[in-house]
Structure formats: structure tokens, C-alpha cells
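First chain A sits with chain B, and in the next complex the same chain sits with chain C.
Entry: the complex of A and B
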């Protein structure tokens, strides 16, 4: 096997070791590359920033164990922003894992900001039914959720006393890795009732959600990059900004691999002919 | 039950409920009617929840059978599935989802396995990309260049290498991607509308006894 053939057949374990190194080294020696803010993330930030204190946000917190690395940072940054602005959040989840992530992520943020459960935020829990389930929630909260995730009756929660349906909702925030979830909210919340929507989605769903910006979706966070931009906007660096150096090096490795293997293939073919 | 009743009853139910739910969106109707529509939406949530429960029972039965039959190479995994299916509902019903034990079980088993599998995908994905992404033709080359530009747009290092990379990557995402997806969405929306009318009128028989025959 000549050198050109060897370049085209680098063993997978070697590639894996290089990837592990590019993932871990920036954690100890950060590159500190600047992050430019994209208009779509700025728009999401501004939408939340412009809401008056006391506005009600319905947040579909659709994190899963697989997606938390990509969309979790953006979701937590948005929750921090909303609660620090004095917005009221109702958490719901269309995925079976959602309730666990709400209970894991939100109480620490609420504690830092001194926000109370039942007054500043509530967790309504999992709902079944996909798009029809979302329509049911918006048309009647009490019918869709007689009790919250913690077993309290909705009428006993101060935040829920004056909230019955979509009329009380000022913003829908969606965290998801399902490419069909944001379009569902567009159809059920924005189109019929004109409710603004912001989202934090994974890279694969971003391409499907971005055509709705800026008319139906007011702003969008693209995976970890979107989370990093949001953290930069809030001037509160967190896990997303820390992770961007790893992303930079990993993408660079992927591009270099593609480049050298294709150049080697081209030279190899040229030599043969 | 006759074949006619078996087919016509679901079609009738679909037509009445579907037509009623759609009507509420397009015509201003008295509040009693919209409330009835909202109740129907609530029923849908209950039906889906029941379907999930039914699916769990079927899964449990299938794997119990495998264990009882000691199917070679399968029954051990079926035991793991059965334990997995039973343990979370049992903990949920006995000590609740906010208990320490339930949360620990979730975060140390389910969340850890899910995150690990997703993490491992990176290596497979990059390995696969390296072996298959060869620009043998012009369209392959264009695809590879587009992928590299989008990666350089997302990663801050792209901007550090050359400030034009994020601009090119953004252009790709903002114009060709958005344009193509909008076209696909509008076309598929028309398709969905056609399927909706066919289902309401009983031409789509997937949910009716005997399928579309």
C-alpha cells in the first residue's frame, strides 16, 4: 500500500483518538475564540427582552438524554433570561424524558434568582397526543392538566389561577430535537392565535425550522452554537461557550480529513491514468 | 359484525369528528361548539395515552414469551427489557417521580445510556463520513464544499481563519436551504390537505378494518 492509499484508509481507532483529543484538550487549554452573534439568535433574545415583567411563557421543554448536549445549554440560558426578567413560565413536555430535565434544570436556576414554584414557574409535566395534545393544552389548560407534575391541583397554584387558555400566553418557547415539533407549534399557536414563538433546536432540526423565521418563529437557537451566542448576549458564559472550542477543533479535523483523503484520491487516480 | 359495518362505522366517526374539528378553525361558532371541539382534543390526548399503555402491554407480552421459550441469543436481552419496562412505572406509582430513588435511577441508567449512545455516534459518523465522502462527481464535490462551509460557519474557528467563511455559510443556510425547504413544506402541505380530504371521505382506508382493500 503506497502513501496515497494509506491516507485514504486511515484506521477508525486513529480517527477516534484524534477526535477524543480535540474534544478534551480545549477543556483544559481553551482557545477563547470570539463568538459572533447571528441575527436569528439576537432576534430570540430581543423577543424575550421586550416582554414586560409578569408576561406568561409556555415552554415546551423537550430535552432528551441524547439531545441535552446540543440543546440543553441554550434551553437553560433562555430559562435564566426569562426568570431574571420576571417572566412567568409554565413548563410542559411532549417527550417522556422532559419532566426529568425540567426538575433537574429549573430548580437550581430558580433558587439562584430567588423565584418561587407556583408563583414564578410551574411544571405541568408530560402530555401525550403530539399535535392534538398541543391544541388541547392551548384551548383549555385545566382540562389538559387537572394537576401539575408535583401533584398539586392547578387552581391551588397562584400562577395558574388566571390562566385558562391561549389568551393568557404571551410567548411559546420550544426546546426540541424533533424536526416536526416547531412546525406543530407554528400551526397550533402562531397561525390561529398569533402567539410569538422562540426555540432552541438541534442542528438537524434547524434547517427545517429556519424557513419559519422571522414570520412565524421570532427567533431560534441553533444547537450548541446558538446556546453559546445566547450566553454571550447575556454576558453569562457557560457550558455552551466552553464547548465551542471543542466544536471548532472537531470540525477542523473533519474538514482536514475530507480534504486530504480527496486530494489523495485525486492524485492516486491521476497516477493510475 | 358485517364487513359493511366494520368499514363504514370508522369512516363515519372519522368524518364527523374530523369535519367538526376543522370547522371550528374556519368558522366563528358559538362558544358551546368550540368548547365541544376542545373536549374532543382532550379525548385525543387520552386515546394516545391509552395507546402508549397498550403498546407497553404488547411489548411486555412479546418479551415474556421470548423468555418463556428461551429463544437463543434473545431471551437474556428480553429480561433486561422486562425489568426496564416494569421498574420505572413501579417506582413512579410507589414513591413518585420526584423521589430521590426515581431521579437517581433515571439519571444513572436512562440518561447515561442515552447520552453515551449519542456520544458514540460521533465516532461512527466521522468515520463513515471520512470513508464515503469522496468527490467522485461534481454533485459530490458541491455537497462536500457546502458541508465544509456550513461547518466553518458554525465553528468560531472558521471566522478566525477567514472572515468570509461565516458569510458564505450563512448565505447557504439563508437562501438555498430556506428556499428549498419552503418549497418542500408548501408542496407537502398540499399533499397533507389532499390526504386529509381523502381520509375524511373514506378513500384512505388505513385505519379501517381490512386496510385499504
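Entry: the complex of A and C
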């Protein structure tokens, strides 16, 4: 096997190791590459920014262990933004593991911003039933959730005293990796009740969700990149901006590999002919 | 020095899962099975708790809740050949509610609103990029719909339009695939974050050695070639 053939047949394990190493380098030596803000992320930021203090947000915090790397940073940035603006958040989760992420992510942010559980935010927990479940929550919170995730009766929580149904909701924020979740919220919250929706979705769901912008969805974060843009808008650099350096470098390596292997293929063919 | 067991478990699992990128191995399969097992158990318990909290516990105050409980229990009749037909009542009920709730707004949200979204001016004053984008949107919609219109044979000038439609679809799928690749890398970064911790310095190399042994046992004489 000559050199050109070897380049065309680089073993997959070697490519994997190279890609993992390229992801690693910026984690220790950040490159500080600039982040360009896209209009769809700016729209999500502006939607939250324009809400008056005390507005109520229903947040479907659908993080899962697999997707936390993609949508987690954007979700945490949005939560920080909302709580710092004085918005009240009701967290729910459509995934069985979502409540664990609410309990892991939100209390540290609330502590930094000095926000109290029950007054500034509540965690209602997991809901079953997909689209039917979402419709039930919006029509009657107390019926859908007799107790919150921590076992408190809803009527004992100050935030929930005046909230009964969709009429009290000013914004629905959706964090998800399911391509069907955002359309469900559009059908159950935006279309019948006209509630604004913002979202943080994974790369696979983004292309499905983006046609709903701007009339049905007010703004959308595209996975880690969306999270990085949101952090840049908040002027609060975090994990997402650091992660984008790694991804940019990895993409550079992928493009280089594509170029090298294709050039090798063409040269090899030319030599044969 | 305090040993953080959770941190060590995270390192073991992260290295084990990432090792699949190198080659399939028994350590990866073991961790994958553990993950599936834990998830299945957790799913069962969480759903049971939800049913208990929402239906069984408030039953004395609201006797009508017996209906969803019965419908839920009927689902388990699928385990018996003799009574499996009873589960169809529950499935019919759930399907009917789901269809009813989603179709009440589907026409507005899935047809009319996207149609309005694409009713845009072709030319935007003082915005070349905006004009270009709007022209692309309109051309893409017309050509893609033409491709999926089977009332006319795809030939002549109409074929040019349908070919443009399929080309634009391919460009869209390519862009979507690249976006997925970009965002999936973020998942690897998270996994690497679990490894690059103080205990990872000791645990990760041990795991890598164990994985290499499991992949190439013959190299150290554990298995004959």
C-alpha cells in the first residue's frame, strides 16, 4: 500500500483519537474565538429581556443525561437570565430524568441570585402523557400536579397561589432533544392561547423547529452554539463559549481530513490513469 | 485526601463509553447494559410514582379516578393471550384523546401558520442578503412541492424544476447533518469533562489499559491466537 492509499484508508480508531485530542486542547488552552450572534438567538434573548418583572414562565426542562452537553448550557443561561430579571419560573420535565437536572442546575443559580424556592421558582416535577399531559397542565395546574417535586402541596407555595391555568403564563420556555416536543408546545400553548415560546434544542431538532420562527416560536437556541451565543449576549462567558472553541478546532480538523483524503484520492486516480 | 466515589464512577463510565470510538469491547458493552438497566428501572419507578400520586392517592376524594386506573391496568392484559383484546380499549381511549387534542390546533399551527411564514416579499429594500434569502425560500418551496406532486409526469421544463427541488432538499439535509455533527461533538465534550478531574489522572489510564486488554487479550497471552 503506497502513501496515497494509506491516506485514503486512515483507520477509524486513529481518526477518533485525533478528534478527541482536538476537542481536548482548547479545554486547557482556550482560543477565545469570536462568537457571532444569530438573529434567532437574539430574538430569544429579547423576548425574555422584554418581559416585565414578576412575569411567570413555564419551563419544560427536558434535559437528559445524553443531551445535557448539547442543550444544558443554553438552558442554564436562560434560567440565569430569567431569574436575574426577576421572572418567576415553574419547572416541569417531560423526561423521567429531567427532574434530576432541575434539582442539580437550578438551586446553585438561585443561590447566586438570592432567589427563594416557592417564591421565585418552583419545581413541579415529571409529567407523563406527552401532548395530552401538556394540554392537561395548561388547563389546570392543580389537577395535573397535586404536589410539587419536593412533596409540597401546591396551595402551600406562594408562587402557585394565584396560578391556576394558562392565563397566568407569560412565556413557555422549552429545553428538549425530542424533535416532536416543540411542535407539541406550539399546538397546545401558542396556537390556542397565544403564549410566546422560546426554546433550546439539540442540533437534530433545530432544523425541524426553525420553520416555526418567528410567528409561532419567539426565539430558539441551536444546541451548544446557541448556548454560546446566549452567554455572549448576557456578557457572562461560561461552558458553552469554552466548548465552542473545541468544536471549532474539531471542525477545522474534519475539514482538513476531508481535503487531504480527497486530494489523495484524486492524485491516486490520476496516477492509475 | 478524600476519595470522591461518584467522580471515579463518572470517569469509569465516560472512558468506557468513549472507548467504543476506538473499537467495540466488553467494557463498553457492560457499561451500555448497565445504563440501559438503570434507565429502565428508573423509568418504571418514576412512572409508578406519577400514577400513584395523580390517581391512586387522591382516589378517596375523587372516585372517578378509578376509570383511568382501570384503563391503565387493562394495558397489562397484553401479557395474556386470552385477555389481550381488553388492552385495545385503553389504546383506543389514549389514541382518541391524543388525536383530538392535537388536531384541534394542527391545521392552524402546521398548515396555515407556516404558509403565512413563507408569504414574504421577494425584494427587501437596502438588504441584499435578505432579498437573496427570501428568493431562496420561495424557490425552495415551489420546487420542493413540485417534486412531491405526482399529478404531472416529471419531464421537460417541469423536470428542471423538480430536479432543482431535490437538489435544494439535498443541500438542506447536508446542512442539517453538519449541524447535528457539530452539536453531537458537545456531548463528547461533556464526557471529556467527566474524565478531566483529579481522580481521572489515575482512573482513566487504568481503564484504558483494561479496555486494551479486553480488546487484545492475545497480546498479553490471555487468549491464544
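Convention: the second predicted complex is superposed on the first by the 273 of 273 C-alpha atoms of A that agree within 3 Å, B and C clash if a C-alpha of one lies under 4 Å from a C-alpha of the other, contacts with A are read in each partner's own complex, and residues count from 1 in each chain.
Following the convention adopted for this analysis, contacts are C-beta pairs under 8 Å (C-beta built on N, C-alpha and C of every residue); 3 or more make two chains touch, one makes a residue touch a chain.
Everything quoted here is computed from the prediction, not taken from an experiment.
Applying the stated contact rule after C-alpha superposition, one finds that A:140 touches chain B and leaves chain C untouched.
Looking at the shared chain after the overlay, A:69 reaches both chain B and chain C.
By the touch criterion stated above, A:270 is placed in contact with neither chain B nor chain C.
By the document's definition of touching, both partners, chain B and chain C, reach A:16. Looking at the shared chain after the overlay, A:222 reaches both chain B and chain C. When both complexes are overlaid on chain A, the residue A:35 reaches chain B alone and has no touch with chain C.
In the superposition on chain A, A:204 contacts chain C only, with no contact to chain B. By the document's definition of touching, neither partner reaches A:235: not chain B, not chain C. By the touch criterion defined above, A:150 lies against chain B but remains apart from chain C after alignment on the C-alpha atoms of chain A. Across the two superposed structures, the residue set of chain A contacted by chain B and also by chain C is 12, 16, 19, 66-69, 97, 127-128, 130, 132, 135, 144, 183, 192, 203, 207, 211, 222-223, 225, 247, 250-251, 254. Taken in their complex, chain A has these residues touching chain B: 10, 12, 15-16, 19, 31, 33-36, 38, 64-69, 97, 99-100, 103-104, 127-130, 132-133, 135-136, 139-140, 143-144, 149-151, 183, 192, 203, 207-208, 210-211, 222-223, 225, 244-245, 247-255, 257-258, 261-262, 265.
Within the complex formed with chain A, the residues of chain B that make contact are 25, 34-35, 37-39, 41-42, 44-49, 52, 96-98, 103, 106-107, 110-115, 117-119, 122-123, 126-127, 129-130, 133-136, 144, 147-148, 151-152, 154-160, 166, 170, 173-174, 177-178, 181-182, 185. Looking at the complex, you find that chain A touches chain C at residues 12-13, 16-17, 19-20, 23-24, 27, 66-70, 72, 96-97, 126-128, 130-132, 135, 144, 146-147, 183-184, 186-188, 190-192, 202-204, 206-207, 211-212, 214-216, 222-225, 243, 246-247, 250-251, 254. Only residues 18, 21-23, 39, 42-43, 46-47, 50-51, 53-54, 57-58, 94, 97-98, 101-102, 104-106, 108-110, 113-114, 116-117, 172, 175-176, 179-193, 196 of chain C touch chain A when the two sit together in their complex.
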